[in-house]
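Heads up, there are several structures right after this.
Across the two complexes that follow, chain A remains constant while its partner is chain B and subsequently chain C.
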Partner chain A sequence: MKRHGWIWRVWLGLLLGLALAGTALAAEPIKIGVLGPMAFTQGEGHWNGASMAAEEINAAGGVKVGGVNRPIELVKVDTNEFLSIPDATNAAEMAISRHKVDFLVGGFRTEAVLVMQDIAMDAKKVFIGCGAAHPELCTRVTKDYDRYKYWFRLTPINSTYLGKVDFILLGTVAAIMKQTLGLEKLKVAIIAEKASWADPIVKAAETMLPEKMGMEVVGTWRPSPVAKDCTAELSAIQRAGAHIVFTTFSSSVGLTFAKQWGELKVPAAAVGINVESQKSGFWEATSGKGEYTLTVNTYARVKITDKTIPFYDKYLKLYKEAPNYTSGTYDALYILKEAVEKAGTTDSDKVVAQIEKHDGIGTAGREVFDKSHDITWAPGYVTSIGSQWQDGQMVCVWPINWEGVTYEGAVPYKLPPWVVEHWKK
Partner chain B sequence: MGMLDAYIRRFLAVLRTEILVLPSRMAVVVFVLLLLALPLVTQDGYVLRVMILTAIFAILAASWDLLSGFTGQMNFGHALFFGVAAYVTALLNLELKFPPYLSIPLGAVGGVLTGLVVGIPCLRLKGSYLALTTLAFPIILLGLVFAFPGVTGGELGLSGLSRLTGSRTGDYYLITGLMLALGGVMWKITDSNTGIILHAIREDELAARAAGINTTRYKLLAFCLSGFFAGIAGGLYAHFLRLAGPSTLEVSLSFQVIIWAVFGGMVSIYGPIAGVFILNPLMEALRVVLERFPGLPEMRMFIFAGLVLVTLLFMPEGLVPWVRDKIETECPRCKIRNAFTRRRCRVCDAALD
Partner chain C sequence: MLLDIVIDGLIKGSVYALLAIGFSLVLGVARIINIAHTALYMTAAYLIYIGAKPLGLSPLVAMLAAVGLTVLLGLVVYRLFIQPIQEHEAAVLIATIAVAMMLQEVFLMAFGGHYLGVPPLVDGFAVIFGVKVTFQHLLALGLALLMLLAVRVFLMKTRLGLAIRATAQDREVANLMGMNVTRVAMTTVAISVGLAAVTGAIVVPLVTVEPTMWMHPLIMMLAIVVLGGLGSIEGSFVGAFLLGFAESLVVFLVPMGAFLKDSVALSIMILVLLIRPEGLFGVSFEEER
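Our next item is the complex of A and B:
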């Protein structure tokens, strides 16, 4: 009897062990590597967006894969890509071979993302890009589908579309000026930072404005991306008699420009891309002088979809900052969750097939990927927005009645009062 | 059989009398053996990648030492040779479909020609003037890279180069082997007559000229040699990462090279190599360690800089010479180095202090 008791206990132990192993198996997390320059705001955006989504998904029970609820575990991967490309490649490699991540999201500097993309493709890992806008990243998918099919770009819209929105905003402001100020032919000054990404936009503007949009280009100015003084350019623009100044800035010069533009009250409405004015600290940084600056943007407190405002508010509450386009990792995680659940596995090929079929509402719009695995930009899909600073608030001013699209909460664009005063007949 | 015996006996004799007598030589042998054995211990893609990049940068740092350490031509823009070779290699591989075994050496020739182009105007300059001028060249080239995006790919660089060997282990052995061989060649150059002349130019150029040495020619030679080795590193880098981008020309890379070389110990060739092999994996180790502490990963660069500063504060000559002085003593009479454990010189039997 004693001997039997011993066997019984062994069986019980084995069963217990198996049960424990089973629970451990059930709880095996899905690992997602968040790639980004973590010491910079772009990387913080990547991490914050992903953390918020992961917490929400885990609180709701995790990702249901084949009847088992698996939590999401995020791996913070500091790519340091602004300072060192080898560092970025090491980081991506570490995430894959050390941390054994199942998926990757993030990335910012195109040169680094190109290499990290190759590393991810070598390992056949799904990589959803949230930061680099260059079309080449998705052209690779079209050129060599079998190799690059694991790559998708979610945010921002690619630079070609970015250019389109840029011109639409310019056209919108021009129409408003013509209507309210009774101007006939508008004069536009082009100002763009001296960086190669801005070159195609400048080139397009120089030809498109006179030929297709019926405006006169009074000159092109190219200050350094880190210029601390733009007064020379601004006085020249004023002397040239420009009604609109078409901006293309991604660096700190955007801040300098906006501040001095407001201080000098240059009678030309500032429209275009100004990444600095997408940040919530812009108002303080320009001491309010950057009011009326209009820029292409991804997020503002506006109802792009039902998810946008709750996302925006929660993000602002948690991180004391408005989300920027690298925070698109939030949507990326939800897309991955849905794809994994539908595929019933984390197998990359099957997940890719599901993401290709994905058609869902995210925080930035209706998210569908095209054949090159780039996010679709069109009315009714992701459109991006135009945001303007009005009385200390960043508000959405576009789209309003654009191809039938108006976002609830969007307010009319306001011309700077000194521009109205100067040009009013 | 007899011959093999003789060879083995000779090898053992060399091992006993030349290598095992000095800790520094033993360290080199152990280092080489460890490097060669690494893929047998781990096949971890991350570890091999880190070590491959380390080996590439080791060639770069040693080539800087050849020019700036030995010849005293302070070069603050060493990324120029590296970047030019990376771009030349990429263009040859992508446009003319040259395989890596042709594109890399030709890229290095690009490095040599750059050495000539930079060397000729810079030869008239000395000290800080030379340093500042060399600093300008990669910045000028970076401007050109952005000015002609059709050729250089602009901000994106040139990507999609063919792979070196097709396997990580293959790449590792190829690049590590090349690093050891090129390191050996550079060390041999500094040990040759040419090396002594380069050394003389650094110590007293006027005296070297008075001794009938055409110092201009030798300085130009140093620029070209350094450009060649840095160029090989650039070509390997481009093929390994499959990308030649503007980051290969950035000022930060030029300074990184100096940090590695000064940390390891200048004027030695092996010092900069050791510097890279300590600092580069250390940066990665810091990444792994700091991951466990939330909020700290962003401090990696700061901690790294702090470590380098503290090391140089206590070891101004660099780490390797400092360690070498601790484990070896120079004989006051015959100047031969001895293990620190010896009381009397292994050659002349003089008493060691």
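Our next item is the complex of A and C:
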């Protein structure tokens, strides 16, 4: 027996090898391409959100497809879309043709995502967008459903809805200023970076503020998205006697503006969209001068749903950074998991049919896609939030009693003390 | 509004002047078109960030250390990349572009595309004729004036300054007269990079530290230097303030076109060149040839 011990060992080895090979075959991973500018905060958000979800899903046994548990394998695709749109198209092509991904999530700049969307649609790959806000991305679905049905937008809400939240925040601050400071007719300065996504918001503001909100527009300033200095604009805004400065920024100018606004203590409350102020690093980058900046946002440490705070805390612990709207890839992976499990296959058409039926609670609200495959914005669904920097913390200040919605953990908005001091009668 | 424009223009101009003086010095004296000048200014900014934030040094210590390290780096760059090809101006130009791009990629790899910031040396603001100006901006204005004066005194009143001017006039004759032209060139580069680093130290609390922060100042600085006259320090100083005023005028008079302020400033440069090709204080190109 001892003489033939090696034969047994060979047999055992072969059997073990076959068993392992069988498991590997059965557990062929589902490949998901994460598209984003990976050297920048937005790309990090894409990757971190997706990584966190993939680790959780894999730890829980993976995605059950036709009785087989398949793990998720993420493919990091650096689109470099901040600096080069062609880089983004090459990256999307490479993800599909070379890495053979099953699904795509992410994308940030509308100009880049429009092209990447076409590449994904050509290959019939389901692509859940987590970053670009332009309505056109979803309008394409209604215009040519058969071609664009593989596209869904999860985060952020589209720019039309962003505009609505923007005006709601403006109205909220205006009401507080009237009540607290005894002001009658408020003067508003509009400042928006010169970018196409900001044009409709500026146009709407110039019409809506005087006609529907009873405010006076004292001027509109359009600095470059990458302006390194806003002191002239701020001096002019102060000279114009504005009570509120209505901001629309998605680029680095938002940081410059907030820093100098706080440094110079310009007596006009800053309200609107300032993407830079959605980041954890905002406080440090502005040396605290950006305090009291109010922006439309997707996440803060507030109970939007039961999942939000655990997600926020775990994300912060793992990555030392608060999640931003590109971290919506976390929910995107769970939506894909559910759709694949229900479809029992990774076949794109069948997965699309399941995502269209999706109605689930995510980290940013109740997630349901409309006919254009855009995320539904409404009370009780995804609403977005208003976040303000208060004493080094990014806190949720809206919604509070808006259409019956109040998120647990939301705190009242605070007017900058120098604004109160300047205008108090 | 006029006061706003004047004060804002002065402040903007002082920041540009600080950058342009160092660039002009090395161009006028050593005939080196150092495109990496603003990349070295960015290096100083990053080093100050590293010193003040991750290392927790006091901002002043971080700034002094950053200036020293940047000068050292500038000298290494000069010895490795510029000195061997110094006689070929086009090659120097390309080499310095490569150095600038290299520094950008190094910082992009090390810090990502994150926007970083450091606290100002002097917090708060002053109100001058009803216009709010931060103390840090006033410091930049004061320093720009001081730098111009210091560079002028150094070049005109010291032996080394005399040697630098002599080398600039005729390198070969200066060499024959017993001057160590290599050392003179090294000194000039060290002073120029030092000025870029000091500018970084003063300006860094006013701007956002990120890997492409060197590009915009480079364009403005080149415009200023061409406008003022290639290599003319006084010309750079005047050019900086002219473009500063032009930018302020645009923001105040055409708020909707505030994004055009750089374009307007550059258009002024082209206009001046059409009327006076040698720039405001420079010798004409033909004459130089």
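By definition in this document, the second predicted complex is superposed on the first by the 403 of 425 C-alpha atoms of A that agree within 3 Å, B and C clash if a C-alpha of one lies under 4 Å from a C-alpha of the other, contacts with A are read in each partner's own complex, and residues count from 1 in each chain.
The definition used in the following text is that a residue touches a chain if its C-beta (ideal position, glycine included) is under 8 Å from a C-beta of that chain, and two chains touch if they have at least 3 such contacts.
All figures in this text were calculated on a predicted structure; none of them were measured in a lab.
Partners chain B and chain C, brought together by superposition on chain A, fit side by side with no clash.
After overlaying the two complexes on the shared chain, residue contacts for A:232 are found with chain C alone; chain B is out of touch. By the touch criterion defined above, A:276 reaches chain C but does not reach chain B. Judged by the touch definition given at the top, the superposed model places A:286 against chain C, while chain B stays out of reach. Within the superposed three-chain arrangement, the count of touched residues of chain A is higher for C, of the candidates chain B and chain C. By the document's definition of touching, of the two partners only chain C reaches A:259; chain B does not. By the touch criterion defined above, A:222 lies against chain C but remains apart from chain B after alignment on the C-alpha atoms of chain A. When both complexes are overlaid on chain A, the residue A:39 reaches chain B and chain C alike. Once chain A of one complex is fitted onto chain A of the other, the partner contacts of A:89 are limited to chain B, with no touch recorded for chain C. In the composite built from the two structures, the nearest CA pair linking chain B and chain C is 5 Å apart. Comparing which residues of chain A touch chain B with which touch chain C, the overlap comprises 39. Against chain C, in their complex, chain A makes its touches with residues 37, 39-41, 44, 82, 193-194, 219-224, 226-229, 231-236, 238-239, 252, 255-256, 259-260, 263-266, 276, 281, 284-287.
On the chain B side of its complex with chain A, the touching residues are 44-46, 49-50, 53, 146, 149, 154-157, 159, 241-243, 245-247, 252, 283-284, 287-288, 291, 297-298, 300-301.
Listing the residues of chain A that touch chain B in their complex gives 38-39, 76, 78, 80, 83-87, 89-91, 93-94, 96-98, 110-111, 114-115, 118, 134, 136, 195-197, 199.
The part of chain C that touches chain A in the complex is made up of residues 1, 4, 8, 11-12, 53, 108-109, 112-120, 125, 131-134, 137, 205-208, 210, 213, 216-217, 247-248, 251-252, 255-259, 261-262.
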